[in-house]
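Here come two complexes built around chain A, the first alongside chain B, the second alongside chain C.
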Partner chain A sequence: MTKRILSAAAIVVAMFGVTACSTGGGDTASAADTIMIGSVHPLSGGLAGVGGLMNDGAKLAIEDINAAGGIESLDGALLELIDGDSQGSAETGQSEAQRLISAGAVALVGTYQSDVTQNVASVAERAKVPLVIDVAVDDKILSQGYQYSFRIQPDASSMGQSGANELVAMAAASDLTINTVSYIHIEGAFGGSVFEAFKAEAEGLGITVAKEVTYSGTNFSDATTQVADALTVNPDVIVVTGYFPDNLLVAQAVKAMSPDIKAVYGIASGAFDDSSFPTSAGEAASGILSANYHYSATSDRAADIRTRFEAKYGKAMETSAMLSYQAVEVIAAGLEEGASADPVELRDAISGLSLEDPLLAFKGPIEFDERGQNKNASVIVMQVQDGVIQQVYPIDFATADLVFPTGQ
Partner chain B sequence: MTKVDTSRRAVAPRAPRTSQSGARRQYMYLTIGLAVFFFLPFVLPESAQPVAVRTLIFAIMAVGWNLMSGYGGMFSFGHAAFFGVGAYTVAFLLTEYGISPWISMIVGAILSAGVGVLIAYMCLRYKLAGSYFALATFAFAQMFLLIAQGAEFLNKTEGINIPLLPQESWVMMQFDQNSYYYYWIPLGLLAIVVAVSIYYVNSRAGQFTQAIRDDAIAAESLGINVMRYRLITVALSCAITAIAGAYYTQYYLFVGPEQAFGLHVSIDALIPAVIGGMGTIWGPLVGAAVMGPLSEVIAGLLRNPPPFLEFLQGRSGLDVAVYAVLLIAIVVFMPKGIFGTIRDRWRK
Partner chain C sequence: MTPSTSNVLIHDTETEEPTRRAFVLSPAWKVSLGVTALAIAALALIYLVGDRADSLVTQAIVTGLLLGGVYALASLGLTLIFGVLGIVNFAQGAMLSMSMFIVYFMVSTFGMNTYLAVIVTVPIMFGFGWLFQSTLMNRLSGDSGHERPLLVTLGLSLLIINTLLMIFGGRPLSVDAPIEGSLRILGAIADYPRMIAFGGAVIVAAALALILKKSPLGLAIRAVSENNEGASLVGINVRRIYALTFGLGSAAVAVAGGLLTPFTSLIPSVGDQYTTLAFVIVVLGGLGSIPGAVIGGLFIGLLQTVGSLYLPGSGSLLLVFVVFVLILFLRPQGLLGAKK
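For the complex of A and B:
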């Protein structure tokens, strides 16, 4: 028995050796003139899929910047990405951030989850190293008065607010009036804050939020009850906020009941504008509207990056990965502008940036306010049409005409 | 387990002399260990310090768990409840009333002991034992998780942030990111809780507890108040676990429902003790020393692998798999835990 185990072990080790020879040596050495950027994402655990994509997005940005000659104002200094794996947990994220900073990272990007981002932001603040948040929506992260955290995407409350505005504008453009909506959202900080902001804005615009239906993100396996509950007030529109699996269920439940409503409208929905959603939901996806931050489908630069990303990694480049790419660009622009790799000077440079031609559909250049929030971050509305996600509103970003009412 | 010698001690009305000298030797080992580990941050690379701190938090939790489950025989699968009470007490008292974490750490420990006694009383009153007891404690921890997620005053799912201070402060237990104090404080706390458990295990009450663990009916027939000594053990265990939680909040400056009451916290509390050796003083420490840095070491190895493992570089998630395999191997080949197995071999 022992012998058999030993020989098995020997075979495994031998295989390791053979494979190692065939793959050849990687280059891990960092020269003195490379500038390190730390990336903290969930690379293992339940969110490894999206975390991996985001890490790849950041990596591609580094390669592109290096290929274009590095940081000009620093004599063509090259960038290097060092990975941190948060494993989806706040304390691992924190120790990874500390590790990356002590390994020499002059800035961090990350982290996808709000609670992990909170912890990493406090590390960044204490270590005086800038953190550029690619994805993390919670308002609270930037309300701590931190000086070293910057966020590119809109925060939860601004998404709820602009979600309401876009809805009214779309209705006006389609000669419709929206009087009442029902709102289905996930419990917790994310769903709650988007809902509150939407409600406040919508009521100012003459829309009644007739029903609020919440659900727990855990053990959620069927949305029929919630949708039926939402329909009891005969709303014109059902508004939805949540993550991919639960919003998929909502879409399916709506399809099954085929109610008489004008639209299903996601705000900051994790599903409705994900490229795998039309396939997963099938017919149920048809016509669904989604207000979210999104990579700019009308930008040639974004299209080029997406094509190269897919060719390289064999997967579609979701918006979150585009945000990671964008976050690295923000840091590179800060290095270029400030002509210094010192974290404190880098922070000052980033806070004064005005980055034209963002890769996301924003209403202006990337500029940070005193909290570190991108002032021009905005949402656009997408719609599933013939199994494809199209940008439909505002018109400047439209890739297809808006269909409203959506004709479920 | 250590069935033979503990039951013999339990029959004696007073702990025999051997136990006293055993305790003295254990205190001596503790002092030596403390002296050695005091200097660890000087040789450790800066990036390893967070791992060392996390390991110490694990160790404190495991020492707490071990008292109740290893020595007391009441297998807890819900120590997150007690950890979380400590963690939230510090966060709440500090953000709402500006109370120093040193004080709220003690408040949290007392509160947690009370909660633990209440839970254990209800479980034991209705004669829950073995896996039923474990499931009941698990249910309580889940209940606490749901309460924290819904409680407005605990900020619901958003959790509580400890505000960063502009300067270091002893009173508020805040230092520079890489300050050695962040290591020395939990090291000191660990030394205290280990000393407490050495004292307790060798005390009359502790001896009774072990007798109850080995055979509750026999102990009762000898006139030992079973419920009383079980609850004392639970209270002590919960108080220690709460201290780990309190320090957790103060080190990470953030606590949310998942961090405080999540299932993984209960697992983190019991794994070091099970791996290291339940019902022994040093088992939880050995277990924490192995488990704390393990995932970090493997992750580091995969990041910068030796030449023959180079193809593994960047394969994220593998560290978790290796971690799991090692865990299984230890459980299979060392059923009494690392320390327990080695000690038994030594004695033979």
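For the complex of A and C:
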């Protein structure tokens, strides 16, 4: 028995030894020429559309960095992206992350879904390879005390919280008072945590959350009853959190009922600031407000990247793809700063970064706190006006004037 | 009723003695009347002591019925194919998506009216179903087991979804509803596109029932569904009937998918959300029963929306499955299914 344990231990030690050697060896061998970055996104399955866009965003960033001369502090070392397909499932995402790391990736970007990101973050932690999260909103991911995970966008609870603040600020700016809201959200960690954070903050600001209506993410094909339910308390505003198809249904149901409310206001809504929403919803989209993270529509650099992306891939560059681009930039900046392609040193360099001129609309540089969360990440408010999504609040980021009440 | 009946395509009355038909309700009719009475009683109770605003309950009922019509529509093709071929068509959801994207393609490329595009999609899907059955599935019909046809439809489903993904990408697409707006019924909102889909369900169910009951093709289909060996002995080309039935089922799917497009975000996996409930409805209504699919669809739609007034989130879906299990326990053949 002891023998067996001993031999098992020997195998484990040998395996660790081999991994350690291979990372150490790979580092010195490849530092001069190319540095591999692994990308894990849903490239097939129901989320393949957005996953593909994000992968393209990361690819474009790599090309831009290489075209500008690569990583200067590493003798102009070039970057290379290796793709992993999570297929939208946490298990596959995990094994893909492992595959990319053993193929020599010194850092990972990904993954769009919170549960997949959770698994990939634990792989990254064990392998001591930094993961820069492009999109994944769940608070839980960074509350594990991980040292190797970083997130650029705001997390769920800060979105709910700043969503409440922005609502009050917008109302004040428009000489309105918001007394009651009804909140319609998807059930589960995402919808629940944004709602809880909103409620806590809003009630501190004197807003009553008079009604909470939840719906299931599956088999949801008509939102009329949920909207009717939300309207029974005569709210000033209907607040909405969820994904594209369900939030589109909510917008359509509100339009059909034409209630006497001041606004429909999405927080972290997957639909309301998506470029295909105005076309999909038509009239129903008009005036809808959405507090979310968003690529900076007032930044020339972001505009240039979007134009080139669209020319190259023939599709509009959604915010998620812009975040993938930004995540690669964070890794590149870490490589530049640390002057090393060793994953552990890269991690230290990223954690100390202060990256000016972010591609997303928030004040201040990208800087990570001890959890790996970007300290300066915040939401901005967008509004559908004449079939176009405009940034309307805060005024520093505005591309159009806020219309409030919105005329639903 | 003849005890040998395995699948019932129209109704139990089909196998009833003609002399008794005028005076005695068949068990299936009794069941459907019973279910309706029970549903009405339950809804009345909710109005009276349900502790919810009347307008909200009315809204839930209207939404539930319209949703139920959509569910029924999505289930008709499934129940027909199962009734005759005994195949559980796992590609049902993918075929729904496929017909939606054909409609989308015609609307976006040729600027066709959405409902005209639905009509054009019907023969295309019929051809697709016919071809699939006659070239591929008929080769497997000699098999004793159910696994191979089942796996082939599963494979077809993956093939369709990934092809759609390749051609159209995964971003949500949409088509315009030519007739927009909504009607107010007793203070509740009913969308025109959803009402049209409801009407489509009634028409497709009636058309399928008529074809099966009145046409020579229907007679042949019923004969094959009763006993394919006997049918082939009297000169019916069983394989041809199989192919035509799969084609008919696919045409029903085309109508369903097409009528859903004006109020659905199109992504390649969009049909899947209707599949699980379609299976529930088909089993609940009685495998192979067309009126069963309609009644089952309406029942599930109502249960889901009215249930959501009391059980938020997925609670109402849970209720659907609880009732489903209960009914199967009390009446294993489904509401309108024939006793084995």
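Just so it is clear, the second predicted complex is superposed on the first by the 376 of 408 C-alpha atoms of A that agree within 3 Å, B and C clash if a C-alpha of one lies under 4 Å from a C-alpha of the other, contacts with A are read in each partner's own complex, and residues count from 1 in each chain.
Note that in this section a residue touches a chain if its C-beta (ideal position, glycine included) is under 8 Å from a C-beta of that chain, and two chains touch if they have at least 3 such contacts.
Everything numeric in this text was worked out from a predicted model, so none of it was measured.
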Contacts of A:Lys140 with chain B and chain C, given as first, second, both or neither: first
Which superposed partner A:Asp222 touches (first chain B, second chain C, both, neither): second
Chain B versus chain C as contact partner of A:Glu310, first or second or both or neither: neither
Partner chain in contact with A:Ala103 - chain B first, chain C second, else both or neither: first
Which of chain B and chain C A:Glu72 touches, first, second, both or neither: neither
Touching partner for A:Glu187 - first (chain B), second (chain C), both, neither: both
Which superposed partner A:Gly49 touches (first chain B, second chain C, both, neither): second
Chain B versus chain C as contact partner of A:Asp401, first or second or both or neither: neither
Touching partner for A:Asn119 - first (chain B), second (chain C), both, neither: first
Footprint overlap on chain A, where chain B in one structure and chain C in the other make contact: 44-45, 48, 51-52, 187
Residues of chain C that touch chain A when the two form their complex: 53, 55-56, 59-60, 62-64, 66-67, 70, 162, 165, 169-174, 176, 180, 182, 188-189, 191, 194, 263-265, 267-270, 272-274, 276-277, 304-305, 308-309, 312-314, 316-317
Chain A residues within the chain B interface of the complex: 13, 16-17, 19-20, 23, 25-26, 28, 43-45, 48, 51-52, 83, 85, 87, 89-91, 94-95, 98-99, 102-103, 115, 118-119, 122-123, 125-127, 138, 140, 144, 146, 187-189, 192
Chain C partner contacts - residues on chain A that touch it in the complex: 44-53, 187, 213-216, 218-222, 224-226, 228-229, 232, 244-245, 248-249, 252-253, 256-257, 274, 276, 279-280, 282-283, 315
Complex interface listing, chain B residues touching chain A: 45-47, 49-51, 54, 149, 156-159, 161, 163-164, 176-178, 248, 252-254, 256, 258-259, 264, 296, 299, 303-304, 307-311, 313-314, 316-317, 319-320
